[in-house]
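Here it is, the structure, as structure tokens.
Chain naming follows the written order as A, B, C and D, and within any one chain the residues start at number 1.
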Amino acid sequence: MKLTKEQSQEIKDQQNQENITKRVTAHDLEKILYEAIPILDHGFIRVVDYMGNDTSIVQSARVSYGKGTKKVSTDAGLIKYLMRHWHSTPFEMCEIKYHVKLPIFIARQWIRHRTANVNEYSARYSILDKEFYLPSKENLAAQSQSNRQGRGDTLKGEQAEEVLNLLKNDAERTYQNYETMLNERYDGNIIDDNKTGLARELARMNLTLNTYTQWYWKTDLLNLMNFLRLRADHHAQYEIRAYADAMLDTVKKWVPITYEAFMDYRVGGTEVSAKGKIVLQKLIKGEKITIEESGLSKREWNELMIAFNLKDKLI
Amino acid sequence: MKLTKEQSQEIKDQQNQENITKRVTAHDLEKILYEAIPILDHGFIRVVDYMGNDTSIVQSARVSYGKGTKKVSTDAGLIKYLMRHWHSTPFEMCEIKYHVKLPIFIARQWIRHRTANVNEYSARYSILDKEFYLPSKENLAAQSQSNRQGRGDTLKGEQAEEVLNLLKNDAERTYQNYETMLNERYDGNIIDDNKTGLARELARMNLTLNTYTQWYWKTDLLNLMNFLRLRADHHAQYEIRAYADAMLDTVKKWVPITYEAFMDYRVGGTEVSAKGKIVLQKLIKGEKITIEESGLSKREWNELMIAFNLKDKLI
Amino acid sequence: MKLTKEQSQEIKDQQNQENITKRVTAHDLEKILYEAIPILDHGFIRVVDYMGNDTSIVQSARVSYGKGTKKVSTDAGLIKYLMRHWHSTPFEMCEIKYHVKLPIFIARQWIRHRTANVNEYSARYSILDKEFYLPSKENLAAQSQSNRQGRGDTLKGEQAEEVLNLLKNDAERTYQNYETMLNERYDGNIIDDNKTGLARELARMNLTLNTYTQWYWKTDLLNLMNFLRLRADHHAQYEIRAYADAMLDTVKKWVPITYEAFMDYRVGGTEVSAKGKIVLQKLIKGEKITIEESGLSKREWNELMIAFNLKDKLI
Amino acid sequence: MKLTKEQSQEIKDQQNQENITKRVTAHDLEKILYEAIPILDHGFIRVVDYMGNDTSIVQSARVSYGKGTKKVSTDAGLIKYLMRHWHSTPFEMCEIKYHVKLPIFIARQWIRHRTANVNEYSARYSILDKEFYLPSKENLAAQSQSNRQGRGDTLKGEQAEEVLNLLKNDAERTYQNYETMLNERYDGNIIDDNKTGLARELARMNLTLNTYTQWYWKTDLLNLMNFLRLRADHHAQYEIRAYADAMLDTVKKWVPITYEAFMDYRVGGTEVSAKGKIVLQKLIKGEKITIEESGLSKREWNELMIAFNLKDKLI
């Protein structure tokens, strides 16, 4: 990620603001406000605004006239209770806004989370930056043999080299041809004064899906946690996980009590089915139970044992 | 509206906060933050938090690194353009949170606006305040004869008196019986030590629909404008309009440029149908057009003429 | 629940339809289509339309050109897989519409589920039916002492009688005064020809919260399951659970494979936190673990033990 | 658009269904159910399911026990009234589901309409079809000089040829390299038995944005009309308008009365601002008004005159 001088200056100008407000603030989040946190090779996330902190959750759960806080320990107890029992509306009372730069194929996964507000940089209106994602070698994984939508081992030597070259050359050539069709370079310079450029809304179709785009993305804390629960999970594609991990860190700075409850009950927790409950219960009581008796499929049985770190019970 | 000493103090404590933030602020809105603005006889609205101001709309429309502002005149031009062409997402980038006290029958209209976050005071958990809405005499209107869901003239003398008495007595008695069933007064005092109270979640069913409830209500600027456009309209029921009017005023303090564009293009504007356009066009050209030729119903014709203040054309 | 002759006839007329369609149908659901299933003393639910069946979930998960079905066993396996891994969008591809008659205080809980389409009978426009909910004696519960939003034991003898009388008398009197203010009876008869009625939008505020209202309520299968998971749960208020239970039965008739997966993974399942997982793991391995070591609160510990039916471990 | 034999057969099999249902049906829509209607060079839309028809809107607006229909003329009057006064919920009571094949850069515009259910063909899981959009020559437009997000004149001769060649070659080469990286052809044949393929979730990033994808897309009638109002408009990009136009035609077959009201009040209608209303009013009364007095910008003035086809008033 590199920012132009102008962009860096704009960020600095915002960070130098010192406004007085009667609103509650989030001390640790203020410290990194507006900062571009690098993700992948050219991407970033920046927290550009937020509303509320841990006390806002308590306050609205109690519909209170004041801060809604008694003492930190009581607040923490209430927040944990709300999280444990899947109360949703109090967590919707906090809001956050990010500026994100990300490859288009990741943007397409991301946008599936509908309960959010988005303004994307318009390639009908403007020329996209000349930046595209190329995986680092350790992220260049083969197709998984066991999981049709997963990754297997890392590609080796020559083949890795070949793949990277293909990706790089194709992205560069399609971008160059994008400029040719536009009759304009990414920096705004006209290529041939005697030609007209193709409409931007058409020319963009020549770009590859690893081209970077950017957007403003705003959501409430509940929906952010829904997003992070899925996207910071090890089943998620590495590239979106990289964003989710950095965002998890901003949540920790913003609402530390909620963050802790979220890690305990959601991220670190697991769901057990009705049939699975009986299996665990029998195991605890020292009774025997076979997979046939359990009614679980082999896959389900193993997922259950892995969730509880019972490797000797794998089948 | 009367607040308890404790509530007034809690509000004051919040108003006395002076926090430093790097976020943008809304100068005029800060002045009334947390303040309980009285509505109807016992209701209020209070702005308890907000995110963004006019510059945030410009910033996200441009997906900019900095404030997104060039000069105020440019910003105003862009905001007007966005409003005129029904751009929606930039206005979603501002968020506001209200604490509202309102009669239940109005809460039931209000909640129909789904794109908002709500925490309502729980009558399963707590005892509702002993407050109910009684209309002032000038708002005690007869059923409209022409509009099945509207109001006609104000009720007169004796009948007005009678209606007010019925409303008052029924609300008071049902509340008293609510306390009897709970075996507990609104102030928490137990009535009869030898009795158990009925579950709160059941006892509440005895209350009348003019009983006051309260909630935290949070939404983005776009959806707030959708709400206000419908609820500050003269077709809306007076009691919800009273809330909408006060909220319109908070919008003016929060995002003055957007407010002006909203008043011009939405609140003060009108929709003209394809058929209506031809009628107006002919009138402008001085050509004749009858209602039969127009294809409009009598009702539509008159709605069109009223919208353009052409009273001599009413049929 | 009693229907007027006209209403019964309208329902019969709809049930007698025999239309040919190329759409998929749900055999068992067709049998009860339009039928008013009684709930509580005067309420009902009726399935009035639906879209899709179990095969639609499979079809859209595969984005297929045809029915998306291979064999029933494969379909069932896929649906279970989707449910287990919290896939959401395929379940959104089925839609259902209910006509529901319910007490207003329950309607107020219900409407909090926002991802649904609703048309409620308008008391601004029409006069509400003269029907209100009175609990049966076995549902007349005292306030729970341990759970601030729950019920305890059933009220006994005299006190139960007293509560029922209060509820009945208050509902009847407030309804009668509603008619007086409207100057019109529920059956449309004018009371006093020399008087004007109060506007309907105002008169309704005199009704108690146990008055019945009705609405059309439409949602997709995913959001219906979210609703049922919360409202068919034993923590839900009995009165809304009565509706949820009847709706669960319609789900069984509509999408039997999904229903089974839902019962196993959601309704019958449980969430275990990161800390809870370690506790269970130790118990399975026969290792000792105290509540102090676990980091769980007493309440959490007991909730965990109850979920796994380990009553001897309760503290 | 070409379908494989298997796909055509699957479509035919569905069209040959003759199921009996008590649900209402839409006669003209049934005729084209499942049919792939070609759009652009390789795309299509297919209606794969629907729920309700015009009578459903009336029925839910009246919350009726029966069909809610009196006579067609009354129904039409009510539907027009609801449309004119922006009633929204009755139109949400009808639902439709499409299977759509479309270029990725159009899918990215389309997905911005959030109130819809979507299942997209997964390129993490499967290999995308070898099909990409190439504009026909008459749609190969230059960048507009006046409107930064619009099209100007059609590109001429040699330059058009050049652009088409670039688009074609780049799409073909990136697709070929996609296959090389996957070590698998689009038809499932392995390229080199001694190599492992790159993970699908990675390889897809090499494709250009005009590659076709496909999805199931389901929405209610209100949100469909919101989509069509924006996307069938002449400001919309031609490529998405091609889809919207075909969908408009399915709406006409599905809910003909609603379609007519929609065309009159929304598609053919226009918004006039408060300031614009005064201008039109003066013109009708034959009074003079200058642009300065009007308070309109030049752009607004001209937009108003164009909307009412008053070309002699353009400035």
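Convention: a contact is a pair of C-beta atoms (placed from the backbone, for glycine too) under 8 Å apart; a residue touches a chain by one contact, two chains touch by 3 or more.
No experiment lies behind these values; they were computed from the predicted model shown.
Trainee: If you apply the touch rule, which chains end up adjacent to both chain B and chain C?
Mentor: A, D
Trainee: Which pair wins on C-beta contacts, A-D or B-D?
Mentor: Between A-D and B-D, the larger count of C-beta pairs in contact belongs to A-D.
Trainee: Report the inter-centroid distance (CA atoms only) between chain B and chain D in whole Å.
Mentor: It comes to 34 Å between the two C-alpha centres.
Trainee: Could you grab the centroid distance between chain A and chain D? Build each centroid from C-alpha atoms only and quote it in angstrom.
Mentor: 29
Trainee: Can you tell me which residues of chain A touch two or more of the remaining chains?
Mentor: 89, 112, 118
Trainee: Can you tell me which positions in chain A touch chain B when the two form their complex?
Mentor: Those in contact with chain B are residues 3, 6-7, 9-11, 13-15, 17-25, 30, 33-34, 48-52, 56, 59-61, 63-67, 89-90, 92-93, 95, 97, 99, 117-121, 214-216, 218, 220.
Trainee: Which residues of chain C touch chain A in the complex?
Mentor: 77, 80, 84-86, 89, 112, 230, 235, 263-265, 267-277, 280-281, 283-284, 286, 297, 300, 303, 307-310
Trainee: Within the complex, which stretch of chain D touches chain A?
Mentor: Contacts found on chain D: 103-105, 107-108, 111-112, 114-115, 118, 122, 124-125, 133, 135, 140-144, 148-153, 155, 159, 163, 166-167, 170-171, 173-174, 177, 180-182, 195-202, 204-210, 237.
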